[in-house]
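Take a look at the structures below.
Two complexes, one shared chain (subunit A), two partners (subunit B, subunit C).
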Partner chain A sequence: MKELFPLKQVMGFVFSLVLTAVALSVVMFDMSFAMGMTILLITAFVQAMLQLMVFMHARETEDSGLILANVYYGVFIAVVTVFGSLLALIWGYM
Partner chain B sequence: MEFFERFAIPHPSPIIYASMVAIGITLLAIIAGLTFFKKWGYLWREWLTTVDHKRIGIMYLISALLMLFRGGVDALMMRAQLATPEAQLLDSQHYNEIFTTHGVVMIIFMAMAFIIALMNFVVPLQIGARDVAFPRLNALSFWLYFMGAMLFNLSFVIGGSPSSGWTSYFPLAGNEFSPSVGTNYYMIAIQIAGIGTLITGINFIVTILKMRAPGMKLMKMPMFTWSALITNLIITFAFPVLTVALAMGTMDRLFGTQFFTTGNGGMDMLWANLFWVWGHPEVYILVLPAFGIYSEIISTFAKRNLYGYKSMVASMVIISLLSFVVWVHHFFTMGQGAMVNSIFSITTMAIAVPTGIKIFNWLFTLYKGSIRFTVPMMYSLGFLPIFTIGGVTGVMLGMSAADYQYHNTMFLVAHFHLVIIPGVVFAMLAGLTYWWPKMFGFMLNERIGKWAFWFISVGTCVAFFPMFISGLDGQARRMYTYSESTGFGFWNMLSFVGAVALAIGFIIIVYNIYYSTRYASRDIGSDPWDARSLEWATHTPVPEYNFATIPEVDSSEAFWDSKYNGHKLFKGKLKEIHMPNNSGVPFIMSALFFVLGFSFIFSIWIGVIVSLLGICACLMHRSFEKDHGRHISLEEVEKTESELRGGK
Partner chain C sequence: MKLDHSQPLEYSSEQGRLNILGFWIFIGAEVMLFGTLFASYFTLEGRHGSGPSGAEIFEIAPVLFETILLLTSSFTVGLAIHAMRLNNKKAMMTFFIITLVLGLAFLSVEIYEFTHYIHEGAGLTVSAFSSALLTTLGTHGLHVTLGLFWGIFILIQVAKRGFTPETANKSFIFSLYWHFLDVVWIFIFSFIYLKGMM
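Presenting the complex of A and B:
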């Protein structure tokens, strides 16, 4: 029976509920904008990785290396595009 | 009548009326020809519905060549207008339209189509696959691109062409300064073609990662396949940015949103930013496949294996990452601070390093090689010095302080043409000549091809080197005329002479295709160049299933090893072969996209709704369709194989 019980998925589900609850705390409690955004960004990233790893089986096949490399590449480009645009248009703009 | 007034050209001239007539006559001639020779059925069965990567490649190739001539005529008109001071050949509005369509057509509808044409034809053969991973999506890619291209070209005779540059910067491209539908054409035609390109990107990543012949590890792939993999990776990650930017621009123009406006919280510079977030990787999307082609050609005709295989791969991977972090160098003068400009200057100079590594690798491959001066090899050898000059002037432009001097002058125009023409056009012509025998079963005439090469390479230098000088003297790009006292006249006349030489070169290529089709020998075997990679291991013409038995590979030059080092490529027995079915849905769906795009451009909402419903119906049809492909029986495979080996 132990093999049949999807322990990993159940744990993942619980963990994603916890992450949702933490994200919800941003509107439930009074906190600064920066603090709220930091919590949201971190929980969103962890949540996305959790979905990919646990529920979309990104690490379970032979070619997981390729899948993860593509994911990391995408993350790199998203981060560079967003922060680069902010840098060019707002932070570094005189 | 009011309904039809929107289709009128806002700024007509005899040239436009003449091309309306020419387009009408051409269409009629095509329809009449197809009917007279009873070719409609053939066209539908063999081409419009095909999912075969080789045929799709050839259709891409034909479209790319057509677009090359369309863009080339634009270029000639521009150079003719600028050849003398105060010329009256074109007025400013026409000149604006022509440089806009020249840029869009050449980059998006010519160069992209050309590289995808060669990738389509060659990559599945090089990795020993029967087709791409998703053959029907591949057909959809082509038809979306084709419909986008046709839609864009329609702008010339219906409604007016875009006139705000191929970069289409806001606020110039906004409704206030570009009230005609031209920029709608730009936004929507590129959007449709871009979706096709994005699908290609995903399709080829999966194909190359999943469908390689047994034994072909990643580090044993031929260099063109490596470059195709990296290119498609960049396509997949860069094109969504363009999709989003175009959607925002479309909404600004059609639905009154304020993303790129100067008031109401809009940010016009955001367009330039998003455009170049896509636009700079796009440069490498164009040039990396060219690098792959040169690698194949140089090692074939120097009769040596490629020097520094690993460093070639590593430099491409580094380029793919760095290409996403340099985009701000396209607008150093926009007003962001010195800190931002310094960061992007440094990344720009960094990207020259892996490119330099590749140049040295090719030089070391040539060193002590036994070089055969064939046409593809001559383009490759011509590429090295011209591209290096273009690239080094790019580093000059990349220094942000100095860029304030060069920005938006003809110096910039000279730089990017001297990068793109040797880096893309030479490579495409070299690749075309190199793979032509595999595609069509005969070789292009070498002597005529060399004439074309000399006209094109000398023409390139004569056309673009003078622009460095007139640019430094202060000639701005996109200026439709200038006074005699500026002294630009001589340099521009020289450029015009070069442009004419280029045109003659392309006409010679067309003549060469005609001449070789009529007179070239068909008895050339399957490996006329004594080449090194797998696409030459199958028959010419290539059977629809590519390889009767899947080859087994243990090096990056498996075919060379099988010829000279006793490697056995085909170990399996003949079996029946499973192939995908043809389908008309991609063509129909793309035609509906054409209607959708056209309706969007002219805000005909009923057309938008009807064509969207049609597109959804096509998607539904695909979802519920049961299509398990078809099987080519063993007898049929044996029969085809023995015929191709020469037995009847």
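Presenting the complex of A and C:
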């Protein structure tokens, strides 16, 4: 039975619950918007990296260079799209 | 077919390895798809007109429940792949079924949420905010729904054929998809719900 629960994945799961609890603190406690956003950005991206490395086995084969380059490229485009839109449509008019 | 037995079963054939790489490229495209949805949501979230705003309709309890359901299902599908690598079919199928049941529970809570929003007056056509919100959540929910059907078919194949390079490869690719949906949900949870309630 024990062999079915590898320590790495159990720890990964516990850590992901801890990250969720930390993210939850932004609505539980009174804090500034900047502080809250900083916490959310850190917990969300750490959580995403955790899934990628622990659960999705992104680094285990010889294709891992291609896999990670492709994922980081996707993330780069997504981040540019999000922040580019905010800059051009919202922040420029504040 | 040439099989490399030094690799886990899902990577053992050239075709299997390329299928996994191909699926990662698809995930890259999905990241961009959700990037554009988030960009429109962030641009339009303040434009709720005479309809309700996010802070008025979001409830923490169901959202937290959904997060825990999806995080746990992501964990159990990881355990299913681990059991598959130990060649333990019974454990793999058990974890796989638990994953799909958690996925179904997630979807039920999400459907409850959608009816709640529409009840509160935030229908798809009410405001720019409500349409961006429901489109983003709906796209994720649609992916989960698709994943449930996909998972059921893979489960049937594993039950019938056991672990072959093909069924192991399909199961592994399904696990990638499921983990990815969890990642997308984490961003929805953080930057739509928690940010909206802050």
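Structure notes:
In this section, the second predicted complex is superposed on the first by the 87 of 94 C-alpha atoms of A that agree within 3 Å, B and C clash if a C-alpha of one lies under 4 Å from a C-alpha of the other, contacts with A are read in each partner's own complex, and residues count from 1 in each chain.
Here is the rule we go by: a contact is a pair of C-beta atoms (placed from the backbone, for glycine too) under 8 Å apart; a residue touches a chain by one contact, two chains touch by 3 or more.
If you're wondering where the values come from, they're calculated on a predicted model, not measured in any experiment.
Contact with both subunit B and subunit C is seen for A:77 once the two complexes are overlaid on the shared chain.
Contact with neither subunit B nor subunit C is seen for A:34 once the two complexes are overlaid on the shared chain. With both structures placed on the common chain, the touch criterion links A:17 to subunit C but leaves subunit B unconnected.
Judged by the touch definition given at the top, the superposed model places A:47 against subunit C, while subunit B stays out of reach.
In the superposition on chain A, contact of A:66 is made with both subunit B and subunit C. Of the two partner chains, both subunit B and subunit C are touched by A:89.
For subunit A, the partner that touches more of its residues is C, with subunit B and subunit C as the two candidates. Shared contact residues of subunit A, touching subunit B in one structure and subunit C in the other: 63, 66, 70, 73-74, 77, 81, 84-85, 89. For subunit C in complex with subunit A, the residues that touch the partner chain are 7, 11, 17, 20-21, 24-25, 27-32, 34-36, 38-40, 42-43, 60, 64, 67-68, 71-72, 74-75, 77-79, 82-83, 86, 88, 91, 175-176, 179-180, 182-183, 186-187, 189-191, 194-195, 197-198.
Residue ranges of subunit A in contact with subunit C, taken from their complex: 3-6, 9, 12-13, 16-17, 20, 23-24, 26-27, 33, 36-37, 40, 43-44, 47-48, 51-52, 54-56, 61, 63, 66-67, 70-71, 73-75, 77-79, 81-82, 84-86, 89-90.
Interface of subunit B with subunit A (complex): residues 205, 209, 233, 237, 241, 267, 269-270, 273-274, 277, 321, 324-325, 327-328, 334-337, 339-340, 343-344. Within the complex formed with subunit B, the residues of subunit A that make contact are 63, 66, 70, 73-74, 76-77, 80-81, 84-85, 87-89, 92-94.
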